[in-house]
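Lettered A, B, C, D, E and F in written order, each chain numbered from 1.
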Amino acid sequence: MRPSKRPSDEMRKVTLERGVARYAEGSCLVKFGDTHVFCTASLEERAPPWLRGQGRGWVTAEYSMLPRATLERTRREVNSGKPSGRTHEIQRLIGRSLRAVVDLPALGERQISVDCDVLQADGGTRTAAITGAWVALHDCIAWMKARSIVSGQPLKDHVAAVSCGIHQGVAVLDLDYAEDSTAETDANFVITGTGGIVEVQGTAEGKPFSEAELIELLRLAKLGTGKLVDLQKMAVT
Amino acid sequence: MRPSKRPSDEMRKVTLERGVARYAEGSCLVKFGDTHVFCTASLEERAPPWLRGQGRGWVTAEYSMLPRATLERTRREVNSGKPSGRTHEIQRLIGRSLRAVVDLPALGERQISVDCDVLQADGGTRTAAITGAWVALHDCIAWMKARSIVSGQPLKDHVAAVSCGIHQGVAVLDLDYAEDSTAETDANFVITGTGGIVEVQGTAEGKPFSEAELIELLRLAKLGTGKLVDLQKMAVT
Amino acid sequence: MRPSKRPSDEMRKVTLERGVARYAEGSCLVKFGDTHVFCTASLEERAPPWLRGQGRGWVTAEYSMLPRATLERTRREVNSGKPSGRTHEIQRLIGRSLRAVVDLPALGERQISVDCDVLQADGGTRTAAITGAWVALHDCIAWMKARSIVSGQPLKDHVAAVSCGIHQGVAVLDLDYAEDSTAETDANFVITGTGGIVEVQGTAEGKPFSEAELIELLRLAKLGTGKLVDLQKMAVT
Amino acid sequence: MRPSKRPSDEMRKVTLERGVARYAEGSCLVKFGDTHVFCTASLEERAPPWLRGQGRGWVTAEYSMLPRATLERTRREVNSGKPSGRTHEIQRLIGRSLRAVVDLPALGERQISVDCDVLQADGGTRTAAITGAWVALHDCIAWMKARSIVSGQPLKDHVAAVSCGIHQGVAVLDLDYAEDSTAETDANFVITGTGGIVEVQGTAEGKPFSEAELIELLRLAKLGTGKLVDLQKMAVT
Amino acid sequence: MRPSKRPSDEMRKVTLERGVARYAEGSCLVKFGDTHVFCTASLEERAPPWLRGQGRGWVTAEYSMLPRATLERTRREVNSGKPSGRTHEIQRLIGRSLRAVVDLPALGERQISVDCDVLQADGGTRTAAITGAWVALHDCIAWMKARSIVSGQPLKDHVAAVSCGIHQGVAVLDLDYAEDSTAETDANFVITGTGGIVEVQGTAEGKPFSEAELIELLRLAKLGTGKLVDLQKMAVT
Amino acid sequence: MRPSKRPSDEMRKVTLERGVARYAEGSCLVKFGDTHVFCTASLEERAPPWLRGQGRGWVTAEYSMLPRATLERTRREVNSGKPSGRTHEIQRLIGRSLRAVVDLPALGERQISVDCDVLQADGGTRTAAITGAWVALHDCIAWMKARSIVSGQPLKDHVAAVSCGIHQGVAVLDLDYAEDSTAETDANFVITGTGGIVEVQGTAEGKPFSEAELIELLRLAKLGTGKLVDLQKMAVT
């Protein structure tokens, strides 16, 4: 039995609330149960320096947690002078995931910066962030299209993410903090609306896992991201 | 006429929403119009090292803005390696303001850390932060009292803050961004529930101001903080 | 009785010695009793990047203390990698105070950097710094006028500063360290030669202060800065 | 056809040279073709602070590249003040991979620090590093056993790593730089001597990949790490 | 002919003024012509952590230049986050030079921190600093002896320093900035009161120098430091 | 008797192995006994910004030690955020030494960056680095000449370096770590192929040294660098 009593293939309640930031071109407050992430997408006319003159745009992401998003207060990273290794890993992952579904040349020489700030953390913050960031990105691109800054459809597909894991020997979908901290294996999957895999990151925390287990985790992830994409579709209609 | 059409002594709509953070001992989302600050108060059993053995506690504050709280996206301070001078000034001000109404020995050798994260900024973020932080602090101390961690009443009074300024020659209450960026004089007042002045910071941005103007700004500030204290009272009942 | 036996409205002995730095365009060693600040004004042909093309100049200030300016040796800020919050606050205050009396467009696209290095600290270093910095700035602008780099009178007025406070219930002028560290309220006032208020910063260290007390502190400050401006006039004649 | 003319399931020539550092308890110079990594394992009697009193040890890793390991000279990270996000990711991966095959309580309260310094880089530096680091770690533990610092067998299994990818539509084993920089999908696998998966990290650089492709990449990886484990066995005999 | 018209073996006018800092245990303002260095010696009861329990003390030094000590204003090192390589070199040299004449066990487990802050720089700041620092150190130790904190004579000898160089083919003593910036060879010598060499640092800026030239520079340095030691003796009597 | 049993004027076995880095324009692995330094020379078409438009090139150097080059593991400098003072001193010395034998205008507006990474350290790493760096630099310039990037002979002479010291009262050549850590005096000499002195750095660790001792150390250094230059000549033929 999972700590949350959920069946092994059931996600937490997920909501996607658009338009939560007055000034951002796109924004979304995503909740996976008690995990809440505030996502904004900001259009910046300047592309990053290394991209200039190449005729294409860029999508980047930054991630942070409020100090008291967590059970115990966490020290702000600004006070240690730099983002932690964990923060770097997560924001690189979010950026890669979003770029996988964007036609970068169609953006022109512009950058969209997506900020994911965790207001409350109960496990799965990076996967919630990717899922909500897609909505913010969608609305930013819609804003650009409405103003004829871009034409065509620079956003090629949906992308959503979910964590799966092996908890007390059982493969389960969408781990909360209670499961995540005791799971034997933890894996994050980033999957597009058409079912293509963008990223898989599986780590054995305790004993190594088998090929069969990896395949079972992937099956759950496809189930979960399918539902998340349905919610994204409803949110942006 | 003010850009917002408000009379010179009228504040923006202010709301104080308690209990917005699941894990914090106290929390408050404060809104002064389009300025929104997410405040949490965290009890930490460890007092800061320089206080140990002195038989009293401490209240400290940290302040930050989400990158897209503002009209244009602002770079995260963690990426420049340190909090800016402005951030330092503001968080020191919030901390001093709260400590002015706390009986520090009554806390015992503990620290309460108040985090003020600006979700949206339309001027007056520091004064909104102080006003909301008081509610979070109140609830944190109530949590401690309910668990007999402290006894008596360590919170001695209310404290609230508001900005006033001289805009196009007229003294006005509670500046929004449109006024703040063009005001000749800008002043922040921190005032207790019993009307004592905890802090006054007045700065001439353009031409110097007179003693009469300072007194008129103080009159408006007392009016404004009086209303804010009333709202705090309603919020915590 | 004040620790220094001074009457409540008496400043320490103040001296302003010009021309103390061989290479700087303007310089002044200011002493408020045992507080000694070495001020230089440096003309820099490059304006700061954010100002370019705007047809006006800038005046900025930096502040630092020698490690053994104080009773106990203080660690150099360079060894902690960044200026402290206190340093940031003070140097921003000095810069704002000087800019309040300078006609920035008349400077042309140039910057004057004023450095205030505290050789010895006995309270009131920021107010002494502002008072001495004005003399260094005056001489730098005189140097520019003598070389026809600027014309007219870019320096519009005097500016001087003094701290006042409530010590053992009595409002007193020009606090030294012994008073400053035990005062109930501490306030810094920056006032021009024509009596306009540029900045007021009042802080209750213990119990809040009243409007009447604020007005009494302002009266003392006007008295003190009046005398400081007289000394500046004598110094630059 | 691969740029290197290798069949799709052929690794580069791999060598593992032990004892390359005079002072380290264990060391290995690992070469995967033109990728050369210098690995040392250092026994440190002090465990990290957060582990004290828990009766178990720790294995950690650090990774760096010499500036001219690469085709173009790369700036040293010490000059930008901190390890990059990429460096953080890699050294966390190496550490996790090694800890997966170590019985940490059997080490006692000690730390083994494994340093992986890339002398020359032609793709696959992190997988070469893990494979060579295991040899250095093995020799460090053997050194400890020879001195009765530990007893039993704290090293539970082999661990090796290899990168696979989809290059011009074909799944290939052990990418060199020419392939890595143009592959559609790049995946790193860390696998134990008994075939358990410790870590899988697959990323679509261009179009998303399918479940069938992931399974094919895993098949190649098992083939490759099987050979690497054989080489480790020969090296340490 | 030297730019300053001095004969090749003539130093600039040197003065050593004691007691320039009210709070420091020892202090000296040293002037070598237009090079002015403010030196303080601070007794700290805490020895550095790595020395604890070894029954001896330590003497350390820090060096800094005020921004406008130089012809053009120099950026403060605190703003680039760390002392420069040049600063590190100089402060290590000053510390080594002073320790060469101190009986460290006789100090007990205490540290004397010597701060050398350059108020004005016209070449030779490090040699002036060493010469003045000795006076500050002497007075600090005298202060300790007067309070019976140490007994005997922890200060074993004098130490002084001077720069020599080859300028337009001629060996000259005590280079000022005009010579220093065009000299072919620049050498700093640190020599004790009894004529022992503590440090020699000779650098060819242009063409390499010969053994004969090195010996001639050393002869001049002995002449110069002999005079400096005489001045130190007069200063501390 | 020296710890290594070498006669006082005998160097350790020295080898210079060229072409050790596949991508660098020049490279050399230099060994002075158990001190091993990996040197690469990298041609960079961009000169440093401060040199632009001056019609000459630059040679710079960076120095680092692998963490386990030493008997005990040393913390990486990247983790303390900046190169240490010692690293700064050494890399400035290597750069100055190389520039002393290069015709900088003949390079054109280009920079050669020489990296010296210590794989193993048994004393004398900076002198070994200079000696090996010359070979890497030579090969880089030969590479440039072969491609007609430069003409003539930008490399004017050889340069090599060795440490000498006074150990148990005896002047000895080429100190290893055992001697270096107990020597009374330690001196590094950088000398050209034609016997000119580029740099001398002598430091008394214990008691000061005399002029006669300095001359004896210089005699040994000339002997040693003469042999090193012979080895360089053999290496590059």
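In this section, contacts are C-beta pairs under 8 Å (C-beta built on N, C-alpha and C of every residue); 3 or more make two chains touch, one makes a residue touch a chain.
What you see is a predicted model; the values in this text were computed from it and never measured.
J.: Listed by label, which chains are in contact with subunit B and with subunit D?
T.: A
J.: Counting one step per pair of touching chains, how far is subunit F from subunit C at the shortest?
T.: 2
J.: Count the residue numbers both subunit A and subunit D use at their shared interface, divide by all numbers used there, and answer same if that is over half, different if under half.
T.: Mostly the same residues form this interface, as more than half of the numbers used are common to both chains.
J.: Of all chains present, which has the mean Cα position farthest from that of subunit C?
T.: Chain D.
J.: Report, in whole Å, the distance between the mean C-alpha point of subunit D and the mean C-alpha point of subunit E.
T.: Once rounded, the distance between the two centres reads 51 Å.
J.: Any idea how many Å lie between the Cα centroids of subunit E and subunit F?
T.: Centre-to-centre distance between subunit E and subunit F: 28 Å.
J.: Roughly how far is subunit C from subunit E, centre to centre by C-alpha average, rounded to an integer in Å?
T.: Result: the chain centres lie 33 Å from each other.
J.: At which residue positions does subunit F touch at least two other chains?
T.: Within subunit F, the residues that touch at least two other chains are 81-83.
J.: Can you list every chain round the ring, opening with subunit A and moving on to subunit D?
T.: Beginning with subunit A, then subunit D, the ring reads A, D, F, E, C, B.
J.: For a test of understanding, state which residues of subunit B touch subunit A in their complex under the given definition.
T.: 21-24, 27, 34, 38, 40, 42, 44, 62, 64, 66-71, 73, 76-79, 81-83, 113, 115, 117, 119-120, 122
J.: Quick check: in the complex, which residue numbers of subunit D touch subunit A?
T.: For subunit D paired with subunit A, touching residues are 81-85, 88-89, 91-92, 96, 100, 187, 191-192, 194, 196-204, 207-211, 214-215, 218.
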